[in-house]
Structures are given as structure tokens and as C-alpha cells.
């Protein structure tokens, strides 16, 4: 993802120009948000047949993925709280009606724990020890590092595979924690991804490659770039007919008033 | 707002460094979104005592202000559709469950028309002529240009002031259109603004001025800048205690893994 | 309301037939639910200019009025919990995503306390003593008994009228509790009521009176009756054109299959 | 279901007392509403992997099942309209923000058609003929009669089984309609049912049988009865601990004021 590319770039180890497609609007605000809004429900249902109504859920991380998960779960009657390190995202969570807590404060009461931070060891063995019987733990973030699964491969705990992608980890006192996809991404392992969102992401990736390939010598150095806004908008416009959406066109007078080209880009590059 | 500053800058007419505070996260994603989510309801209630349930509403523009208006109105049972010029925002509206239409297609059926585009003549005299009796028209955008109010000051139409900030425009056939605040901003004219959101915006503005004042010679040229991410995060962190929100801190190991300073900034500058 | 009529009837003190209009569908499920969904927001805004986002709210009672209040506040980003005496309503609250608590467990953290139980002394002096500074207390229930306002008219407390319908009750340590409408109904005292909902309720009342007046001798005894379903449906059908709603008609075959008259009633009397 | 029992009773063909468990609160307002809110999403995902965001959906019938379906689909970004024969339910749909239409008016634009009426031939061959390519048709109602599936077993149409429970019906021009579970109940055929809701329903049924078995001679005649309110409340109270819900108890003074027994029943029998 984007973060790794920037680290390579800073370290001077990036030997070609790169497009940070992950942070383009059409990826961040569509794939991450809308796709996860659906796949968190789908992934949990297909693996555990859980009822969402009335469930206590903690979502770790309130970025786009976390926002998608929280929206869907809340809408289906779950009681959701979140954890965050970033004060801006934490404040958004507050304004959206979610309590912002530390994981350790609430872990004992939770029915479901979902990670979407992109970080590692967000759910530790100590916290797994304190979960209640039947608690479901899963990961919607970027790799298999968020839940400390390694700490569960330990002689005092028994693993029982109850279904494909579903393990019961059994404590000596009989307590069971339900681990999904061994801590790998739930949305990739246990649910399907809408072809429509895949099409948006794939189109963005393809356009980025074409741009890098066609760009005149010198336009891009050995650095990380964001997709030009106009291309993001082009990707979106290609997908609008699917919804029978009717776009409004600027009049000449309006375009002049706004200082915009009638064909876009309509927003500054930093707009999200 | 931001757009004007960039026009001045492009034209070489900006003679001091400027901070585009309007596009900082804490302004865009808090003041514009959350404040309008509440003030659209408040402004309409105080002026017209409208019932929201079942009302047909068109919102022109699906930026942060439009998103706030649509969320609130939909939640209270209105049937909302939107107009957009930007395919990215239009696609977001689709995914959020709003039909994307041209104003002319739906104008006859609407009970309420709300503008939040920042543009001019978004609602034209021709469209005002086609509205149904009792239709409410108001503006949540950036000035008094969005509704072509001038076109209504015309001898064949009668204006009747029915209450402070509320005019009935009466057509020769008796049809009445309800114009709020003479097309000026509804949220500033007809509702109050939460002190909490004002505090966020004012803190952001104050920090921007302090930064410009204290900055060493040469840090800022005669150009438009966005607030450094770390300051945005600082503004947010100052407002968290109000909600009894408990922020999680990165461990050393986690900060290293993410390539982040434990005190932030936690996101790249372009993150929204 | 209905309850009082039944008490009179049981006591043999009802000397005429009565219609319990309050428990007819069009009253319970429209006036109580949809009207309160809007007036709780309106009443709080007009009196206190509160921002709803992130506020901790407890709603006492999860009947139709409570459901309306909770829906609206949750939709605008408040964090809502409820109290209930009835296990069925409590279970509905759980499934709808609200924590069910005792008032004393949460009173210290609340920003807003709303009563809608129809009972008395739901908020006691002891609980008022434990509220935090700035807590708003109001009543959406059936009379001025729900909050023990009498207990606040006490020499050690100072009352300060800060605005029409808004009193600050000041404790010796300086703590202020914001009491709205002196504990009377917020929706009647501090907000307007949509004419549409009033029309539904008034039509129901008028039809009940006409039925009682026109009924042949012996149809009604000195007892309490619910409005016949067919009249409830008639009231609803009179109000549908307002929304441009298009009702589907049963075919002969379908009516026969369902055992229904094509003109209704479509549901059994007990259906809600 | 309830309707059939009443028909038998009217015809004098009911030879034992019967409890109409289907219309008890804990069945109608829990199983039908909350269960369908989840199973409509689950059933559609498991069979078609559909993305809900932006989809045009028509739900036929706005009873408890329809309300559950509409709530869930709207929350996930679908654009939902409904059809109804009952003006009360139609008016509820309006107030909840759904357009009330006749099926024929919208059938051409729909991406998904869902029946939950309990009636027959709600979706006719003529309407199936007019659906657009790829339209999904399924049934959440009470039997396999709602969609006229028989009319699709016709020589000019080709059936292609693409997956368990999923048939493509192919028109001569190549148009495909996606029929789920051959028109049988989607929630029973293609999704799982939460054990919690099953427990509520099963407890209600068991209590009804115990009551009928234990009742003293003469309490019940050869007729259809609704479960006594107190039992409904008992069923609910047995399921509250699952959510860590804390019920409030009436004080003596409050019980007397309300004219209630402190242990319930808390509502009249007709309350829903």
C-alpha cells in the first residue's frame, strides 16, 4: 500500500516512478469504504451466522475501512465503539455517534472484535485472554499482523477447526474465542467482492500504468505520485451509467465563475 | 473561500502568504459536514415548521455540505435526490443511496430545493416557474448567488413577507414559492451554529495565523498553503475531552512498524 | 389517554361509550412516532441550540414516543441508551442497537435526559443531584409528572430563567442543570407540530365522534372501544395523495385467496 | 399462519382451540422484522454476490417482513420503493422515506424485486417479461405463490441453473432474469436464521402449547386465541440477559399511579 512506497522513496530505494493508487479517491472512498460496508456483514454471516442486532462490537481503526464497517454494523442494530490513535479520526467517530475507547477498557464485554488499522499487534494475547466466551475476532485491515495470532499457537490452547476459515481457540477453562481466517483479511478470505468496485479499482490501476508508460520523459521521477484528479474523475464517469445517474453540466457562465474547465477537473488534487 | 485565494495566486495578485483554512480537514469534515447536518433541519423547522417525513427533496451539490444535508434529511424520512457536476461526488451519491438527476427532470415534483454548490444560478427563473405550489427554496452554499433571486424581483410576481426570513413569491395564477433568507445562507440566517463546531473552526484559524506570524523567513512565499497535518490533529485533540474520548497510543514497536512518530502526524498531508 | 379511560371503565364510573383514539394505529404509529421523531430535535434546538453529534443521551421509555426520539437522535450522531420496565420494549431497544440501562447507572455521564414513560417521578431529586454540570432535562411523555420538578423548588437551589421555557437550576457548588418547559411536554411547549400529523389525529378523532353519534342503539355500551380498523384505514387513505403515493389494488383472485374484501379492512383489528 | 386459522374458525372447521402464535408480539416484531432485516442481505449475498450500494429495489408489501427488508437495504445504500394495498402501511412507508408505487410503473428500472405480501401472483408473467436484463427476483413472503413461477416454465424460455438455488431464466432475445430458490422463501432457502430469534419463536410456541395443555376446562373453546400479553413479556424477559440489558422496576407508587402490577403485564393485549 501507499505507506510502504513512501518509505522506500524516503530511503532512496525506489528505482522507478510509482503511482500511489491506494490513496486515489476512487480507491480510498469507494473500494475501502463501500466495499467493506458490505463485506464485513457478508464475511461475518458466511463464517459464523451471527445475528447483528444487539451485538457489542469494537472496531479498531476509524479510517475508510473502519467507517464502512461501523456504518453497516450500526445500521443493523449492533452497538459499536471504536479505538483510534489519530485525533481527527477519533473526533469523526464521536460526531458519528461512536464511543471512542481503549481496547482494554471494553474487551471483556465485546461480542465481536474487528481490526482495520494497518498496524501490528493491535489485538494482543493479553486481550485475547480477557475476551468472553464466544467472542469473534477478525481482521479487515491490510495483512495478517493486526491480531497476534502467533501468540495463540501455544501448547495450553487447543485449536479446533469448525468450518472452513473458522477456528475455535479453546482455553484451559473451556472458553472459546472464534478466530476467522487465521487473522488474514476477512473480506478477501470469507466474502466475495462486488465486481463493480473491483472494476473501479482495476480501471484506476490500469489508467495509472498507462499514464506512467505514456508519460513523456521527465514528467515522473523516481518518486511516489498520486493519480491526477482528472483521471480519478474519468474513472468515476465511466461507472456512472451503471446507476442511470444523470450528471449536470456547467454552463459557460458557471464554469467561468468557478474558474473551472467544463470537462474538469472539478476539484483540487488534495480534495477527498 | 479556498477557491478565490487560488485564483488570486494564479493571477499573481496575492501579496502575502495565505493559509487555506477552509480546506483543512477540521473545517471541511467537521464544520461543513456535521454542522450542516444539523442546521439544515434547524433552519427549515424554524422558518417553515415543515414535517420532513415523506417530503421530496432535491439537494444541488454533493460536497461536504450536501452530504450533511442529505444524511440528515434521509434519516428523518425525506426522499432525497441530488444533482452534481463532478462524477466522483455523483458516484458517491449513488453508492450512498441517492438518485442523481438533473434539476429540470425533477423540479415539478419537489417539496424542497436546497442549493450547496458554491456556484451561481443553480436554480434559474425557468425552474422557479415550474415548481409546484408551496415548494420551499433555500441555499446552504457559499453566498447569495446560487438561486437567481434577482429574477424574482419582477413586476408580475408578488412578494409577501410571512415571517422573518420567509417570503412567499406569488405567481399570477396564485402559486406560491417559499423563499428562505432571500437566497442567503440558511445556516447563517435562520439557524444557530453549535459553539463546539465554531470552536474547532476558530481554533484552526487562530493556529494558522500564529503559524504564519511565527514562521521563519522563507518558510512561506506569496502563495496559498494548507494547514500542516500536525496542526489539524492538534486542533482535533484539543476537542476530544469534550466527548470523554480515550485515544489509543502507539507502542514503540507499532510506531516503528508504521514509520510514524508516536505524537503524529498520523496521516499524509493529502489525507481527508 | 387510553389508560385513564380503562381505569374509569373498570371502576364502573364511565357513563357513556368511549373511543380510545389514542391507541388507534393512526395515532400511535403516526402522531406519537413520527411527530416526536421531529419535535425532539426541534424542541431541543429552539431552546438550547445544542449540537447533537457525540452527545450522550438517555431516553426513559421505549414506546412509540421513545422510539421516535431515539431514531432521530441516533441518526444525528448522538450516543443513545434507554431505560424500560417492559421486557418486550427493552428487547426491541436491544435489537435496534440501544443499550438498556438503569437510570442510576448512567446518570453521571449524560448530556441529555429525556422522559417518555407516561409515569411519575421517573427522574428523581437524587438523580438530578448526580447529573453533571450543563445536563439538559426534558419531558416528551404525557404530563408534567415524569420529572420530579417539585423537588427542585427548594431553598438551596437557585432558579435562573435564561430564555423562554428554559431554566437553569443552580446547585450550591455552582452546577447547573438545564430544565426545559418546567417539565411539561417539550413537543407541545417548545416546538411546533406538523399540520399533517395533526390532520391525521384530528380526522381520527372526528370519525370516532361521528361513529359514536351515528351508531345504532346497542352497538356501544358504557365501555372503551378501539376505532374499527376500516376507519383507521380510511383516515390513512385520505392522507396518501399528499405524498403522491399510488396504492395497489387487489385482483378478485387475490382478494379471494386472502379472504379479504377488496376495499378493506386489510388487517385484523389487533394489527399494529 | 394466523390468517388460515381464522378462515377455518369462521368456517366452523376448527375442532380444537388454537393459539395464533404468528401474531404474538415476540413473533411479529422480532422474528419477522429483525430476522428478515438480516436474512434479506445474507440471502442475496450468498446467492448472487450482489453489491447493494446504488441498486434500485422494489419491495412488495410493507408489513413487518417488508419493513425489515427495506430498513436493511436502505441502510446499505440501495434506493428502495415499495408497493402496498393497505393505506396504513403505505402511509408508514411514506413517512419512513420510501416512494409508494405500483409495480408496473417501476418494473423496467428495477435491479431487484422482492415479494413479502403473503399473497399470490404479486409478480406476474407480464411483469417478468418487462424486467431488465439481470434483474433479480426473490420471495421473502409466506409460500411459493407470490411470484408466478409456473408461468416461467414455458417452452420459449430457457432455464439455466447457475448455482444451487439460483436459476437464470433466459428470454428469446437473450435477456436473463435471476430467480432465487424457484420463488420459495429466500430466508429459509438461501440464508441461515439466527439461533437467538429462533429461540424467541420456539419459546413462544412452547409456552402456547403448555398453556393450551394446562388450561382448565372451558378457558379455551374451538377458536383462535392470541398469546396472553404476560406470556409474551415472559418470553422477552428470558432473552434479555443475552444482551446484558438491565430492566427498570416500578416503585410501588409508580405501579399504583399506572394501575399496573409490578410484574406485568405492562401493556394492554392489543399493544404492538
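Letters are used for the chains, namely A, B, C and D, taken in the order the chains are written, and counting of residues starts over at 1 for each.
The rule is short, and it goes like this: a contact is a pair of C-beta atoms (placed from the backbone, for glycine too) under 8 Å apart; a residue touches a chain by one contact, two chains touch by 3 or more.
All values derive from a computational prediction rather than experimental measurement.
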Touching chain C and also chain D, the following chains: A, B
Most remote chain, CA-based centroid, reference being chain C: A
Chain B and chain C: spacing of chain centres that average the CA atoms, whole Å: 33
Intercentroid distance (Cα basis), chain D paired with chain B, Å: 40
Distance between chain centroids, defined by C-alpha means - chain A, chain B (Å): 26
Residue numbers of chain C (touch at least two other chains): 34, 53-54, 77, 94-95, 99, 243
Chain A-facing residues of chain C, complex: 53-54, 74, 77-79, 94-99
Interface residues, chain A side, partner chain B - complex: 2-3, 6-7, 23, 25-26, 29-30, 34, 83-88, 90-95, 99-103, 105, 118-122, 145, 226, 232-234, 236-237, 239-240, 243, 245-251, 253-254, 257-259, 264, 266-272
For the chain A and chain D complex, residues of the former touching the latter: 34-35, 37-38, 41-42, 45-46, 49-54, 56, 71-72, 75-77, 109, 191-192, 194-197, 242-244
